[in-house]
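The data blocks that follow each hold one structure.
Both complexes shown next keep subunit A, but they swap its partner, so subunit B is in the first and subunit C is in the second.
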Partner chain A sequence: MKTLGRLTLPVYFWLFVAYLFLPLLVMAAVGFRDSNFVAFPIQAWTTRWYQSVVFERDIMSSIWVSVKVALGATALSLIIGIPMAFFVAGLRGFRRAAMIAVIMLPAFLPVIVAAISLRMFIGVLGLQTGIGAIIFGHAVSTIPFVVVMILTRLGAMSPNLADAARDLGADEFIVFLRVTLPFLMPAIFGGAVFSMLLSFEDFVRSFFLGGFEPTFPVLLFSKLRFGFDPGLAAISTMVLVASIVIGLYAERFSRRRQLGNSSKIVALDQR
Partner chain B sequence: MTPSSTPAIEVRNIIKSFGDMRAIDDVSLSIAPGVFVTLLGPSGCGKSTLLRTMAGFITADSGQVLIGGRDVTGLPPNARPVNMVFQDYALFPHMTVRGNVGFGCEMKGLSAQAREKRVDELLALVQLPELGHRYPDELSGGQRQRVALARALAPDPVSLLLDEPLGALDLKLRLDMQRELKSLQRTTGKTFVFVTHDQEEAMSMSDLIAVMRAGRVEQLDRPEVIYERPVSRYVAGFVGAANLLDATVESVDGDEIRIVSGAFSAVLPRSSVTSPGSIDRGTNVTLLVRPEHLRSSAQDGHTLELGGRITELTYLGNRVHVRFQTDDGRSLLADALAGDVAEIGERFTAHLRPGALALLRTSAEEQS
Partner chain C sequence: MTRFLVLARRFGPYRAFSDALSMHPGLRYGLVAVLPVLWIVVANIAPLARMVLISFYESFPLPPGETPTLTLAQYQAFFERPLYLTAFARTFIFAALATALTLFVIFPIAYYISKVVPRDKRLRLLLLAIAPFWISEIIRSFAWILMLANRGAVNSFLMWMGLTGRPVELLYNNISLTIGVLYLTSLYMLLPLYAALEKIDDRLIEAASDLGALRFTILRRIIMPLSREGIITGCVLVFLLVTGLYALPQLLGGPSNTLFASIVGQVFSRAGDSWPLGSAFSVILMGVSLAFVAIFMALFQSRRTRA
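Right after this comes the complex of A and B.
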């Protein structure tokens, strides 16, 4: 019985890992298949799919569109999100809770509903679909995450920190530049990376708000209509690896700067 | 007025309210240069508010703040020549120790070279010369405390304002830091304004103690005077252990005051009276008897006696704290020599010298 209990939990864990990663591994492998069709197992191997992707004009330009959108949406969500976080941080009680609820709303809105409403809104305003519209659409969905991450970090900041800087001769602007902003940097960085990844992987909003230049997910979708080929597997794998690397690095970076600091302080005080 | 007699910090008639609560109620204080003064009181007595008013973080409703003789009442914290040490140290986590210590000098516009030199001096002063490259989260509590001190001293302020800086340290470290803080104050010759609720801390470090209560300074004096001649029952009870006996003045005859407290009566010299206001026949008074005034053996001048049954004994090595109950039902604490005391339940007689006692007027709200 005891042995059973000891085994059950790890088994569950590894089942989950397999469930999560096997499809991805299959996809990555299919990209190496020397054939025009997607199938498994693989008899003949090639790297030509991976190589060819790099030279495919429409894929490269769609990735470039996606990067521009991601950077634009991230910049916009930081520009709007940081002051919003400061505004909410100054509130207390019900007003604060209500504001946070309002800010978080876009994150819980069904994506398809949000996308349709944005598409209609743009039509009503008489604006063009395209990169600009996608950027605005993405920023709406990423701002909540930026605000919450910065708000959390602000909450961990002792009010004495800004007071100490003022006490040592800094005016409000210097306090912000030299103390508050550096203190928030891990959250700003984390929020930025998170926004970029969210924007990059978004399909629904980009699909509804896009113009003639498709973003990368939209292009992939349109290619799928002509059937799978190992090239799709190859490009998907490359994007996946890039996202994982960026995501893990950002997670590690922000965790080291945020949690690392406070947990170490506790440990030292107990000495 | 000669420069040396200009107070380092002076507050005049400071009043500050938060909503209905009057945090500082018309406080005036004048602190001479080079003095270690402690604002002592329980939480909510206004001591931190007063300190923050000096630093400029709080704007008083009325009154003036002068630093080095200059009126700084309307100036923000960054324009006042005082620096603060915070309870949580408030070290900048993204800057090294050197960055932290040099921050004030940087703000003053010192050249990089002068700044580095000053940082070296300060790190040597707080005995952390080799830790300049570390970040605050790589330091122990005591080390962070020293960095906070160095940072506050670096811009060469007129005065250092310390807001319960030892509160976060454990007891042993706190005792060490008390000594270091005192010696740092002597070395630098700076005026230290120190806020604490810990009366032992205040007694061991201060040149002057301002005992605060409900937004007012109840008494400002040297520690030994605060201890031996408190002006009120509140001060007597707050500083040190105290037996406070309710008593009534039976007669006043020239220099002699006869008081009665239950079954106990005594004649005290007029010099025993430490609180302001007149003492007449019938005045309600409090007799302050410190535990060490209750001796287990009589010596010269110990003409008074208080006796009762022992209810509690606390051994402290060569001394014993004896709690005993008098026949009229009062519980008193005496500090006795270990060999002189019997067992719980047995009789104990304490001897007192009338001249050592303090007699306080009991205010209306203190009457029980």
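Right after this comes the complex of A and C.
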């Protein structure tokens, strides 16, 4: 009875992992099916879908649009998010709580509401639907996460560090570039990759803010409404693998940097 | 870069400026605050304010030279059509059920990773459970379509096993919708639960078990209360996610279980003067879901102060 109890949780956990990964593996396998239709079991295998899909112009151009949007949204969310974290860090008490609530607001709105309100607002900014509008919309949704990540790291930073640099004659710009920024780097990097992935996978905002050039999720959505073939499974698998690899790499990188940096800083602090 | 900045200090105005920044923290802070404040107003507040305003318009865009008349007609339209009301009610019932389901399914997972597995393996297992969430909602829906379709993986497997003669209807109904939604929501439940459970001191659980507490008692009297923050956060995140779901229900759900977000989207994109109606629906959706969350949090937070 006891061993049975001990086995339940691991078995349940691995069943959950299977639930997460089995559909993705099935999709990857469908991409290898040698037929124009999707069916099981897969008897004849081919790599032609994985090869030919790279030459499909609409898919490749939608991926390129997605990449441009992701890079733009990431840049914008860093440009705004870094000063915003410093701004919040300088507030105390009720003002700080209220400001954090306002900053987090876009992350808590139902996605459809956020998308529609932005769609009606971009005209005021002089933007047309299209890549620029999508970048703006994605930045609105990723900045809350960037701010929280940098703010957390900022809270772990001793003010002595900057003061020491000032005492040694550094001016504010040098303090920022040589002391504060390097200390924040893991959080900035983590926030950047997180924004990029969030932007790359977004559908609703891209759908409402987009013009004639769809992002990859939007194109996939419109194709799926009319049916699917192994080619779509192949390209989806490739995008999926890229996303997971980038995500895992970023997670590792930022964790290693974080550990390395903070131990160094602690040593400096104690000296 | 540093060398350049040191060189720049020979340049008088720059030196004066940077010295002024060093001397006056207030000036420094003011400069830092300009961009964020501007952004918060333009990106976080103004679009919502404009949406609320448009929801009271009769039509939009306004004919040139005409002053807008404010009206409640859009909000009345919501209550007049049973189609809208049933979809609205269905969405919130579905969101509540999906939140409860996610909590029940994910709690053991979070418990297993944070409390049973040795410390050095936790992160690896957590990453394993998180990895699929870096993928687009659309791709994940597609993967489930391939699983559940009539000639999909599950049905082929069942027929190969001889369990069923002809395909079972799995796609475009509540089954596929629930499976797909759980696939989206688990992360938002897992991370807060894991964070909360990880903080619980293992010795408390050991002590309770040494004193003869049953497993269920330990769960109810120690683990649940101490992870309440995580449970609340997870439930709020999942609930808000489900009320706003737009794409997944259109791909995996059937025509009879349309969720309200899809209706908002359809109304908004309809030709003609549909912005005011779409805005009003958005305001209703936003207001009610945030109200639900506020009530939920008030209920559970007050319990904590009593205890």
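To be clear about the criterion, the second predicted complex is superposed on the first by the 253 of 271 C-alpha atoms of A that agree within 3 Å, B and C clash if a C-alpha of one lies under 4 Å from a C-alpha of the other, contacts with A are read in each partner's own complex, and residues count from 1 in each chain.
Rule of thumb we're sticking to: contacts are C-beta pairs under 8 Å (C-beta built on N, C-alpha and C of every residue); 3 or more make two chains touch, one makes a residue touch a chain.
A quick note: this is a predicted structure, and the numbers were derived from the prediction, not measured.
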| item | value |
| --- | --- |
| Contacts of A:P83 with subunit B and subunit C, given as first, second, both or neither | second |
| Touched partner set for A:A187, first subunit B, second subunit C, both or neither | neither |
| Which superposed partner A:V26 touches (first subunit B, second subunit C, both, neither) | second |
| Touch count on subunit A, higher of subunit B and subunit C | C |
| Touching partner for A:A70 - first (subunit B), second (subunit C), both, neither | neither |
| Partner chain in contact with A:D171 - subunit B first, subunit C second, else both or neither | both |
| Touched partner set for A:L9, first subunit B, second subunit C, both or neither | second |
| Subunit B versus subunit C as contact partner of A:A133, first or second or both or neither | neither |
| Partner chain(s) touched by A:A234 [first = subunit B, second = subunit C, both, neither] | neither |
| Interface residues of subunit A shared between complexes with subunit B and subunit C | 166, 171, 174, 178 |
| In the complex with subunit B, residue positions of subunit A that touch it | 158, 160-161, 163-171, 174, 178-179, 182-183, 185, 260-261, 264-265, 268-269, 271 |
| Complex interface listing, subunit B residues touching subunit A | 55-57, 76-78, 82-84, 86-88, 90-94, 103-104, 107-108, 137-141, 151-152, 155, 168 |
| Footprint of subunit C on subunit A - complex, ascending | 9-10, 12-13, 16-17, 19-24, 26-27, 30, 38-41, 79-80, 83-84, 86-88, 90, 99, 102-103, 105-106, 108-113, 115-121, 124-125, 136, 139-140, 143, 166, 171-174, 177-178, 197, 200-204, 207-208, 216-217, 220-221, 224-225, 228, 232-233, 236, 239-240, 243-244, 246-248, 251 |
| Complex interface listing, subunit C residues touching subunit A | 1-2, 5-6, 9, 15, 18-19, 21-22, 28-29, 32-33, 35-37, 39-40, 42-48, 50-51, 54, 105, 108-109, 111-113, 116, 125, 127-129, 131-132, 134-147, 149, 151-153, 156-157, 160, 183, 186, 240-241, 243-247, 250-251, 261, 264-265, 268-269, 275, 278-279, 282, 285-286, 289-290, 293 |
